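Chain lettering (A, B, C and D) follows the sequence in which the chains are written, and residue indices restart at 1 in each chain.
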Amino acid sequence: MIDQLFVNIKQGGLQLLGGFLPEWAVILVSIMMSIGILAALGPLIMMYLTLMERKVVGRMQNRIGPNRVGKFGLLQPLADGIKMLTKEDIVPVNADKVVHFLAPILIVVPALLAFAVIPFGRNMTAVDLNIGVLFFLAVSSTGTLAIFMASWSSRNKYSLLGGMRAVAQMISYEVPMVMSVVPILVVTGTMSTHAIVEAQGGWGGFRWFLFTPWGFASAIIFFLCGVAETNRSPFDLPEAESEIIAGFHTEYSGMKFALFYMAEFMNTFTICALTATLFLGGWQGPLLPSWLWFFLKTYSLIFVMMWFRGTLPRFRVDQMMGLAWKFLLPFTFVNIGVAGVWYFAPRNTAAVVCTLILAVTFWILTKLNRIYTPEKRVYSFGD
Amino acid sequence: MIVPLEHFLIFGAIIFTIGLYGTLVRRNLIGVLISIELILNSVNVNLVAFSKATSMAPETGQIFAVFVIAMAAAAVAVGLAIVIALYRVQKTVLADEVNLLKW
Amino acid sequence: MVNQIYFVPLLPLAAFVVNIFFGKKLGEKAGWISVITSAAACLIALPIMFGVARGGHFHHEFLWLTLSNGHALEFGYLLDPLSTTLLFVVTVVGTLIQVYATGYMHGDPKFSRFFAYVSLFMAAMLTLVIANNFIQFFVSWEIMGLCSYLLIGFWFEKDSAANAGRKAFLTTRIGDVGFFIGIMTLYVASGSLNFRDLHHLQPHALLPMAALFIFCGTIGKSAQFPLHVWLPDAMEGPTPVSALIHAATMVAAGVYLVARSFPLFEAVPQAMTVVATIGTITAFMAAFIALTATDIKKVLAYSTISQLGFMVAALGLGGLTPGTFHLMTHAFFKALLFMAAGSVIHGTGTQEIKELGGLFGKMKHTSWTFLIGSVAIAGVPPLSGFWSKDEILLTAYNSSQRWIYWVLLASAFMTAFYMFRLVFLTFFGKARNHHIHAHESPVNMTLPLWVLAAGAILLGLPGSPFFGNWFQNFLGGHGEHHAEHVINWFVMGSSVVAATGGILLAAVLYLWFPQGALKMGEIFRPLYLASINKLWFDELYKRIIVDPWQATGRWLFAFDKTIIDGTVNGAGWLTLLTSRIHDVFDKYIIDGLVNLTGAVVQIFGAFTRRIQTGLIQNYLLIVFLGVLVLVYFELK
Amino acid sequence: MQFAIYALMVISVVWAVCAVTLRSLFHSALCFTAVLLGIAGIFVVLHAEFLAAVQVLIYVGAVMTLVIFAVMLTERLTDVSVRANNQQIWIGLLGGVAFLTLLIKVILVTPWPKHPDAVAATVMTSENTKHIGIALLSQYVFPFEVLAVVLTAVIIGAVVIAKKDKPA
């Protein structure tokens, strides 16, 4: 009952309308409902993620975090929103006006679109595309363009550098990301997120792909690439305050800046949600209603991301690139092969063999990727 | 289908011609590349439209389209590499400033 | 789950890949990778072997590719008693030999590459063993040939090694071509290449041809009579290779081929006769040559050839079981002998019998194991060699061609003789060369020796009457022999006599009266010469194959030099003469014309070259307009 | 439905025109991206979701990013002085129009095979992607492999061409 709460509400509403509306209108309304819900969900999630992040990081840095506005600072996001809205919107003089204006809008769109294929709970996928995962990847890959527009249009060296970095990084990490999803497609034989979640049901959560050798590997790789895709630390080179002021959104202020921020947080959410969907069995889980399970898993993953931010220092560019191309990519390739083995060989054999192959690959790759250490720097006045 | 095949073909033809025009006229080599991509896309539209409209296996045309897309990506990769090399050597990316091969 | 048999060849393959790519990084660890993989293969194979031993009979095919004529080529495996026996031999012996090799090759600069090759070989051999059709068989057969070539020529810095490798490769190639023709013929004749379809063959005119050509493969691979010359030279390779490839497994593959396609041979009696004859000749001839060889490994090589001859002869006489049985036992004791010999070479640094002697005190393990191996091969009961050889002799005795029995008996006698000649000269007496300070080999070399020695002692028993001829019944689903289940005391006695006689003679000549050997050499001088010169086979081949080519070459050279060159020079002289005349003509008339043309061309070119703008889009535009015009006129 | 298709077509054409006419390369690249998205939409309408996704993923995600990268690398930021088109513009335009008319004429006169697309509509369902996959690995496996080889060659070639040759 609780489980299907929202679904039933929607259905009920539609039946109610069905009484006195023509059929196409009902369909229209249902579509509108889904879209509206998602569109409302995005900003909401974003607002409270900001709060969560500030709290969590605060705790990690032995602070308390916002606690003035409202109880536990629950109204803090609202205050921030109002502040953002009321701020002056500055556009550089010789910026490319149109593009400069379009960029923040275009960066939110893919982030919102990605919500469409996420199964929030049993029967709670907005659109159950039969190419859901591919759709997600495709949409999230378009985000780079918006960043490009932003960095290029605001004629500013730092923005341009940030944009370059961002795009290089996103392109590089997209490849292993896509490749790390392939094993699941190989094993489940479908790309619809809904079906993938269904495939992980039962056995009190032990059918999660996280608990298979290949699944474990891809889960980690996928999550890492996700962190990189969303430009969060330790992969936040594109917006490294200390190196290039704030990267591609240096020249933005007020609501436009807020939009970038929003996009970033929504991406964070979607990435974690998809990780939960693909590897942690999505909304599968005992006792609690499905959507609750889903949000539990997602938010714990988000917490991990924030944990990263609180813990890890930033990568150097060459390290970042090296990780993507020299380690993750070959590993994912091997992983796909392993998934093939898993699919064909009998379980007990496969488990052993897969683990073996992956371990060996890991070992070899770690041996091959020697850490590059720059020669000792000489400071003209330093010594 | 709802829209007759011809309209898709005409659409493809228009895109094709625009691409052709760009290929002939743009000075900037990257612009030329973009135009070529346009041409390839028009081809894709035709392929998919045919595969939908004719009675053969529907995925055939789409597979061709996939191949076309892959080859397009390859073409762009090499083309851009050439453009950048050119830029490094001759400090220009304008097609009509690169005429070392004339008499 | 029997399908995991596929991992058996795949694991060594993985080892090969790892070693070939990361060998340099791994260094001496590479050896253990190979060892572990083949050991794992052995473990995976074991339950399946038990399954087969309990009477199971597994096979599985998957489509490899579909031929244009609709026929399908399948890959897969066929696990019946025969292939299982081979599987057992190859995995066990292979693993042991690799363990041994980690000691033997220690410190070799190309260590990892060696093990890469060995692993590749193991993979190929195992694929061949479980193969269920001729194509798969042939493919892995060729890969084995390649590995053999690479490993014989492993120390290719030595010319002799390189040449030996080339010789082996080319010689076996002759046989392989025959084999392939045979496969084709068989395909034409029976329309299927699957082994299981051989059991219900329709008679066909081409079958004899197919059988004979397929037998060519055996002749080449397991060094039968006309093509046996490569095996002795193959001893240039490292000793583990000689033990693994050129004694235990690869050369046995030829025998396995005949056994595998046995129904085919049964279908054509004349082919059987050929097989039997060739085998017998080989057995006798090789044994005869081995009598006087003075290089440990050469002796062992010739004895290998002779034993293979035994097996082939047995198969030729319709004795599938004896052949296979002898194959198994031989694999064990011959590998043992080779490895012991290798250990001797390792410990003393030489392989010339003349320089060795009196090693018994210095190398305990090696000497004992070598002795055990020799007793086994000589055929002294109750060691393994006795039972299998006795089976073969029995088949020969019961067969229609009784003479084969006597020839084989003689070769058995010679076998015993030369083996013990080797033993006495190497291990007994006193050291002949005092610069050699022999020392025992490390444990990872001696341990496999003892394991194999145990095998050489015990493996005969399952085939012995004590165990009710368990092995024969295990293999004998083919029903072509029932006679030998009753013990034939005459044959058994004769073989024992031959063995002991040989040993005694050797003892007399080389242990008690060391001068006796020389005297024998004096008395039977022609025979001695014949044997010491390997029956002049190499010379013969040189005479009938190599020399004619060279002669032709020389003749052609002479022809070239005198006639062709003469013509050329004459032509040249004429040309000079004519050119004098031409010169004048040229200068004034031709050049004038040419220059005129050039001038004209220049004038026109000055205009036309304007077309060549060098602007790519220009060209494109022109092409496009051309197309446009063409299309237009096409449609109009 | 119908309306959507025509709208997509018109928009795509408009953007395409922009893509080849705009002066600033960056803008034309963006316009071309818009065209790509429009065509992806048309694919969706034609029940080729997989193709649409691939189009977006590869073209918009990778190819266009590369192009824009190249634009940034090669174009000086303030770039209004240089002419965008070469001298052939008029003849090119005329030729193009002529060619277009020719094509359209051909398309209209050709009798295309008509058939009840109920078949197509039924087959073109969620199984579509699976069909593509199967066909790709069974019927078209050879072109597929060749493509793989070609792509590898292209990667290597691109790297070799574009990398700075070391000062020997």
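As a convention for this text, a residue touches a chain if its C-beta (ideal position, glycine included) is under 8 Å from a C-beta of that chain, and two chains touch if they have at least 3 such contacts.
What you see is a predicted model, and the numbers here were worked out from it, not measured in a lab.
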Item to check | Chain pair showing more contacts of the two, B-C and A-C | outcome: B-C
Item to check | Centroid spacing, where centroids are CA-atom means, of chain A and chain B in whole angstrom | outcome: 33
Next on the checklist: Taking the mean of the C-alpha atoms as each chain's centre, how many Å separate chain B from chain C?
Outcome noted: 57
Item to check | Euclidean distance of C-alpha centroids - chain A vs chain C, Å | outcome: 59
Checklist entry - Which whole number of Å gives the spacing of the CA centres of chain B and chain D? => result 6
Checklist outcome for this item: Shared-interface residues of chain B (touching two or more other chains) are 20, 24-25, 95-96
Checklist outcome for this item: Residues of chain D that touch two or more other chains sit at 50, 54, 62, 69, 86, 88, 92, 95, 99, 128
Checklist outcome for this item: Every chain pair meeting the touch definition is listed as A-C, A-D, B-C, B-D, C-D
Checklist entry - Which part of chain C faces chain D closely enough to touch in the complex? => result 615, 617-618, 621, 624-625, 628, 631-632, 635
Item to check | For the chain C and chain B complex, residues of the former touching the latter | outcome: 609-610, 612-617, 620-621, 624
Item to check | In the complex with chain A, residue positions of chain D that touch it | outcome: 24, 26-27, 30, 33, 49-50, 53-54, 56-57, 60-62, 64-65, 68-69, 72, 77, 126, 128-130
Checklist entry - How about chain A: which of its residues touch chain C in the complex? => result 345-346, 349, 353, 360, 364, 367
Next on the checklist: Taking the touch rule as given, give the residues of chain A at its contact with chain D in the complex, in rising order.
Outcome noted: 96, 99, 129-131, 134-135, 137-139, 141-142, 144-145, 148-149, 152, 155, 160, 163-164, 167, 171, 174, 178, 189, 191-192
